[in-house]
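Below you'll find a set of structures to go through.
Presented sequentially are two complexes of subunit A, the first with subunit B as partner and the second with subunit C.
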Partner chain A sequence: MRGARHGTMNALQRIAAAAMSRDLCGFVVPGAEIARTVGIDLGDAGLRLSATPRHANVLVVIGRLPAGLLDAACVVYAQMPRPRAILTLGTNDISPLPVPDATGPLTQAGLEAAIADIRRIFAMAAFQPDVENFEAPTLETSTEYTCPMHPEVVQEAPGNCPKCGMTLVERETAGSVHRGHAVPEQKREVAAQKHSKPVAVCHDRSKGGHSADGDNHEQHKTHGSGHKQHHMRAKPDNTEAPLQYTCPMHPEVVSDEAGSCPKCGMHLVPVAEAGGHSGHDHKAHGKAHDEHSTDNHRGGHGGHGGSERVEGVEAHFMSMVDLTRDMPASADGLKMEWIDVPFGPFFPGLPGGLQLKLTLDGDAVATTSADSLVGSSDPLRANPSSPIEFVDHLAALSPLSPIAYRLLACLALEQAAGQSVAPDIARARLAVVERERVASHLGWLAVFGAQSGSSWIEKRAAAFQLKVQGAAATDVTTLKPKLSTFLAKLQRTPLLAARLSGIGQLPANDTLSGPVARASGMASDTRSDDPVYAEIGFSVLTMTDGDALARLVQRCNEITQSLDLISAVGSVARLEPHSIGAASGTGEAVVETPRGAARLSLTLHKGKVIAADIKTPTTAHLTLIGDVAEGQELGDALTGIGSLDISPWEVTS
Partner chain B sequence: MNALTQYGVLFGLTLGTIGFVLCFYLLACAIGSTRREPGKDVPATAGSLSRDPVWVRYHAKYYGYALLFLAFDMEMAFMYPWAVVYREEGLTALLDMGVFLAILFLGLLYGWSQGALRRQE
Partner chain C sequence: MTVLIVLVALAVGAYLVAVLESWAVHGRLEPARPAISALALLGRESLLARTPDRLFFEAGPVVLLVAGLLAVAVIPLAPGLIVTDLATGALFLNAALAYVLVALIMAGWGPNGAYAMIGGWRFLGQFVAYAMLIVMPITAVAMRAESLSTVDIVTSQSALWNIAYQPLGFVLFVTAAMGLCWLPPLDLPTAPGDLAGGIEAEYTGARLAVLRLARMVLIMALAGATVTFYLGGWLGPWLPAWAWSAIKILFVAGLMVSVGRLVPRVREAQYLEISWKLGIPLALANIFLVGVITLVVPI
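Right after this comes the complex of A and B.
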């Protein structure tokens, strides 16, 4: 056992180990919602689930994880208290994590066997005399040296700055070991200098393209003036002949000739240039003021010349104006410090694999950037691939709704090959997709319950989800009254409406699709064009408000509607891909997945798929996160993001 | 109970407390020492590294809270003399103070409904 606790197994340790083996607490990666979609009930197998690695002693890995997610899982594992174990289902290759202590197939029986193994290992080997430390690659740090005045100067060995001659200072940075994304680089920038922060933030905002709202403009403006100011300090025009030299950091050092500072070794600069810092050259300062008086500058400038020089105290010591000079301004125009807060990829209230980077101004979200660590870029893994491989690959692309994508692949293949299916098969396919819609919406409800802290919603919705997926049409019909009672009770939950109404309001526009669009009053549903749906009396349901409450009610209504559709069809079939033969052609299909319309176009050449292009609803929905979250309080922002039902797996680039 | 017995009880309690703490300490020692690993010192940020300081200044917008505090603070100042005469005045005093508190409480509810308790407004 690699994660054993240091010690020997004597009588006391044996008792402790036996007790721990009975009380296993798991942290699930990428998330419990993925376990449920493959029909695994972790609670039923005797595993308590924890929202934080600090309370867990078993890391449960469900399925194969992409590299970015494995790095994050390493951090989680490194934070778990010892003794700790790793349990994997359906995969064995989890490097850089240590070798799993128990592993099994991706089934409930496999999980139960693996948990029994873990219990045995805990009871036998929870304490060991020799244990190794585990370090997550992303947590490894290295020391580098940088100039306090020139953050762009970074080198590995100590020395002097090539620009100003100042002694370089030591700094800790995140290790750059296999991180595919640019996180360490960005972190380094932010940590290096507060100056770089507003610049990075504003760039983010303009990239996101949400410059429609009013205060955004103000931000850009303030930033603009801050930037200029920065330039002014760095490169003043040298019109006056310098008489004396001083150190930019130590204004008390004044010399008649150029040289280096006796205190810090920095090159001395002409007095006029240092004026901006020490505040005793009013002339230079006044000029700087005139130069950008056209800018809308607020805060920042007023107290500039006001501070008197006191012997032994640096000028502007603890001056609020100086401290907040280069900081970003909030919506009210005050300059305050902002912090970067990551949420995910394993945040319990968000789907696993979604990584949010929020910039918080107090408790309000100033900027957002969302990223999927599990998204796939290519619907074709092997090129060319056989139809069966293609269908399986597309289904694996979206583990939260595999059947809808399987159907999408089948439809496109059949269209390319010029085939058509019998009406009874088409209806059975409809029922299986509707059953998945019910399960998917219930899965979303469970995540919503986890996020809002109502564990009864989470438990009931998860239990219903496990019952519905894989159920026959008759079982679905018998489940219906209980499910309706649950949904009615859910919508009557005290304070739920007050909590959700007005959160994450989205006006109807083309980016929206699926339940999110229908909750905003758009009758956009590709099912309404389908003759098979028309035959059994399908009509599009919509809401008007377009907020988190409307989306919740919309999904509840769609669950009921889908149950009715399944009852009307009366049978649920397994979705098998057709044999395509050696046909050639191009095919296009669209399927209304639980998250919206997914479109696939593919080219078939002699029975092999040689090109494919997919458009998923979630890729567009990811851009909505900014609209939903920015300017909101953190809790409201997370609720709004959760209500979009984003599946990070479906994000294509 | 004489003074000596009382001191005896106090001494016993002290001994018991020390013994209780010592038991847990020895139990913790017997179970084994913890390992200091760098990963355990990082804030749990759901799988990503966050080294930025989180102690930052932000605008608390204290004005509204200050007004609310003042209202309820003054109410307490009124309640001291009221408590002194409460027994003599009886029901009248209860009603008087009830009306006063109700008005203040309505003010709080109004403020709440207008978002005065939200930092964003």
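Right after this comes the complex of A and C.
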């Protein structure tokens, strides 16, 4: 066992190992929602799920991870306390993570067998006399030295600042590969998160691109007095002999002679100077995260004026009132320090693969940036590809709703080849897509339950999801009364309306699609243009409020509606692409996926797909994150983001 | 000797409540689960955060445990079965609970991580709002008993339990008590969905075991306080006094740990708003009502 804890198996450790083998706590990557879509019930297999890697002892990897997620998974694994194990399902290749301790096929039986293996391994080998460290390029860090007042000064060895003579401070930087794959409790991020970190200050100003001139200079009585140095230098003709000298960083140091500060080695400045320039002190001290500064900018993190940030202030140095003077007040009227906090890509309550960076003003969200680590930029992996490959690839593109994308590919291919399908097949296809919509909405409800802390909602919704997906039409019909009872009870849950109403309000606009649009009162549903749907009596359902509560109710209503549609059709077919021979042509199709309308256009040349272009609803929805989160309290912001039902997998660039 | 009995009772009670909590969370009744989890936690590494405030990080869970134990000291389990029957017992309980805030701020600040820190500050807001809803209902209870001694408070309810005498106070007290031990739906400081564990997020191994034990002790202390103040303590027919205490405390604690699993977490702003705008006026009304009743109807 590679993740064993150092020690020998004596009597006490045997007992602990036996206990651990019966107390497996899993951290799932990319997320439990992915496990459910392939029909795996983690809880049923005896695995407790943890919200943080710190409390987990098994890293559960579901399916093949994209490269970006592998790096993040390395960080998660490094955060887990030993003894720790890795369990993979459906994949064996997880390098740079260590070789998995147990692995199995992507099925419930595979999971159960793998868990039994993990239990055995824990009981036998949780403690070992020789353990190897886990090392991955992602985790590499290096140490460099910089001046707290002059961020441009960075050197590899300790020493004094050539500009002000102050002792350089140490800081840790990430290895070359790592660019801030934000995960909960990432060690090196934690290192920079607290306020009193001069380390963070300098880095921010250097990489965050905050200018040292202009707007950033605002009145700020005591802080950042290092910049007095500039002013002093700017006026070399200051002939008035000052009586006393003090350190810009340590006001308690007062000396009659010029010299260096005994505490930090900085040149002392005349007392008169120190007082005289207080009107031009530097106030902007950007963000707390080292590597995130660069990342934010790369990610187009707009609105980071930065002039509001105050960081890196020693507590004894000044009062909070001074610190926040002249800063813009938050929505609640309070002035707070700003910190950058990463959420994801494996954050409980958010879909796996979604990476959020929230700048928090106190506990309110000031700015957001969202990115998908799993989105594909190209629907055509191999170019040109055969129709079968193309359909499979497009389905794999979106593990949260593969069937809708499979249908999308089939429709576009058939149109390009000039084929038409029999009416009964078209109806059976409709049923299979509607069944997926039910499962997908239930999956969203389970994630919502996890995020909002209602284990009842989470468990029931997840159980229904597992039952619905893959069920025959008759089974779906028998499940309907129970499911309807659940949905009715869910909507009557006490505190539910209070938690959701007014959160993430979105007015009707063209960016919205799917249930999000319909909850805002837009009758936007491509199903209404489909004659097959019209035949069995489909009408678009809408809500008016456009908030998180309306979206929840909308999804519940759509589940009921889809169940009715499946009953009306009476059979569910597997989606098989037709053989299209050596046809050529162009095709375009649109399918109302559980998250909204997805459009695909493709070009077929002699039976091969040579070009394809896809538009997914989620790509547009990703831009809504700022609208629903900014200015909100953290919990409300995350609820709002969750209510959009973003599938990071479907984000295309 | 009394101390020993109370500690054993506390350990047994905390264990049973842990079984109930695990049942409520995971849906399986496994009597051995808390023991297995505790042993497993003790066998894991107890990691130190990268740049912690070491003193706060280490002290947080311990301070919480001490605060919980001090609060237990004034809970009477039967006539004579109380660690210390202070004349100011009800006040002492309140003073002991004040250290819960200190402990959580320490645990939030110590690891030097954003989630924990936000959790700690959330608890600060929550505690400032709800400390009043602990102490004001106690005031009304003490008015009826004409004493701050917890033993006198129990005996004052021999004719009618306070849950019937001052139901408003009971509701306010239980709400505040659940917030004080951050139980769902008031688990804002740990909030797994928003903060990935919050104040607990950076604790592992033995330190996490202490933190979880401390929280369980706190739950027992507050369930004990609820029973003492509102459910007539050890009073009851047929069964021995200690048995009544045990049944009532376990019932209240079981309810406290399980009820929140059914509903979504309360929004922070609303939670605070309810306390300041609704809870405190109601608590004042409760004191007034109880004062009038005490003067008019002597029961």
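Some observations on this one:
The definition used in the following text is that the second predicted complex is superposed on the first by the 464 of 653 C-alpha atoms of A that agree within 3 Å, B and C clash if a C-alpha of one lies under 4 Å from a C-alpha of the other, contacts with A are read in each partner's own complex, and residues count from 1 in each chain.
By definition in this document, a contact is a pair of C-beta atoms (placed from the backbone, for glycine too) under 8 Å apart; a residue touches a chain by one contact, two chains touch by 3 or more.
It should be emphasised that the depicted structure is a prediction, and the values quoted were computed from it without experimental measurement.
Within the superposed three-chain model, A:Asp363 lies in touch with subunit B and with subunit C [touch as defined at top].
Shared-chain residue A:Leu139: touches subunit B; no touch with subunit C.
Of the two partner chains placed by superposition, subunit B and subunit C are both touched by A:Arg5. Within the superposed three-chain model, A:Lys482 lies out of touch with both subunit B and subunit C [touch as defined at top]. In the superposition on chain A, A:Pro345 contacts subunit B only, with no contact to subunit C. Legend: residue contacts after superposition of the two complexes on their common chain; A:Arg120 is shown touching neither subunit B nor subunit C. By the touch criterion defined above, A:Val131 reaches subunit B but does not reach subunit C. In the superposed model, A:Arg54 makes contact with both subunit B and subunit C. When the two complexes are overlaid on their common chain A, residue A:Ala78 makes contact with subunit B while staying clear of subunit C. Applying the stated touch rule to the two superposed structures, the overlap between the subunit B and subunit C interfaces on subunit A comprises residues 5, 13, 16, 52, 54, 81-82, 127, 187, 190-191, 339, 341, 347, 362-363, 633. For subunit A in complex with subunit B, the residues that touch the partner chain are 5-7, 12-13, 16, 52-54, 71-73, 75-79, 81-82, 127, 131, 133-136, 138-141, 172, 174, 183, 187, 190-191, 324, 330, 332, 334, 336-347, 355, 361-364, 631-633. Per the touch definition, subunit A reaches subunit C in the complex via residues 5, 13, 15-17, 19-20, 22-23, 43, 48, 51-52, 54-55, 57, 81-83, 126-127, 184-185, 187-188, 190-191, 193-194, 339, 341, 347-349, 360, 362-363, 449-457, 459, 493-496, 498-500, 633-636, 638. Listed in rising order, the residues of subunit C touching subunit A in the complex are 24-27, 35-40, 42-47, 49-51, 53, 109, 111-115, 117-118, 121-122, 184-185, 187-188, 191-197, 200-205, 208, 260-270. Across the complex, subunit A is touched by residues 27, 30-35, 37-40, 42, 44-54, 56-60, 118-120 of subunit B.
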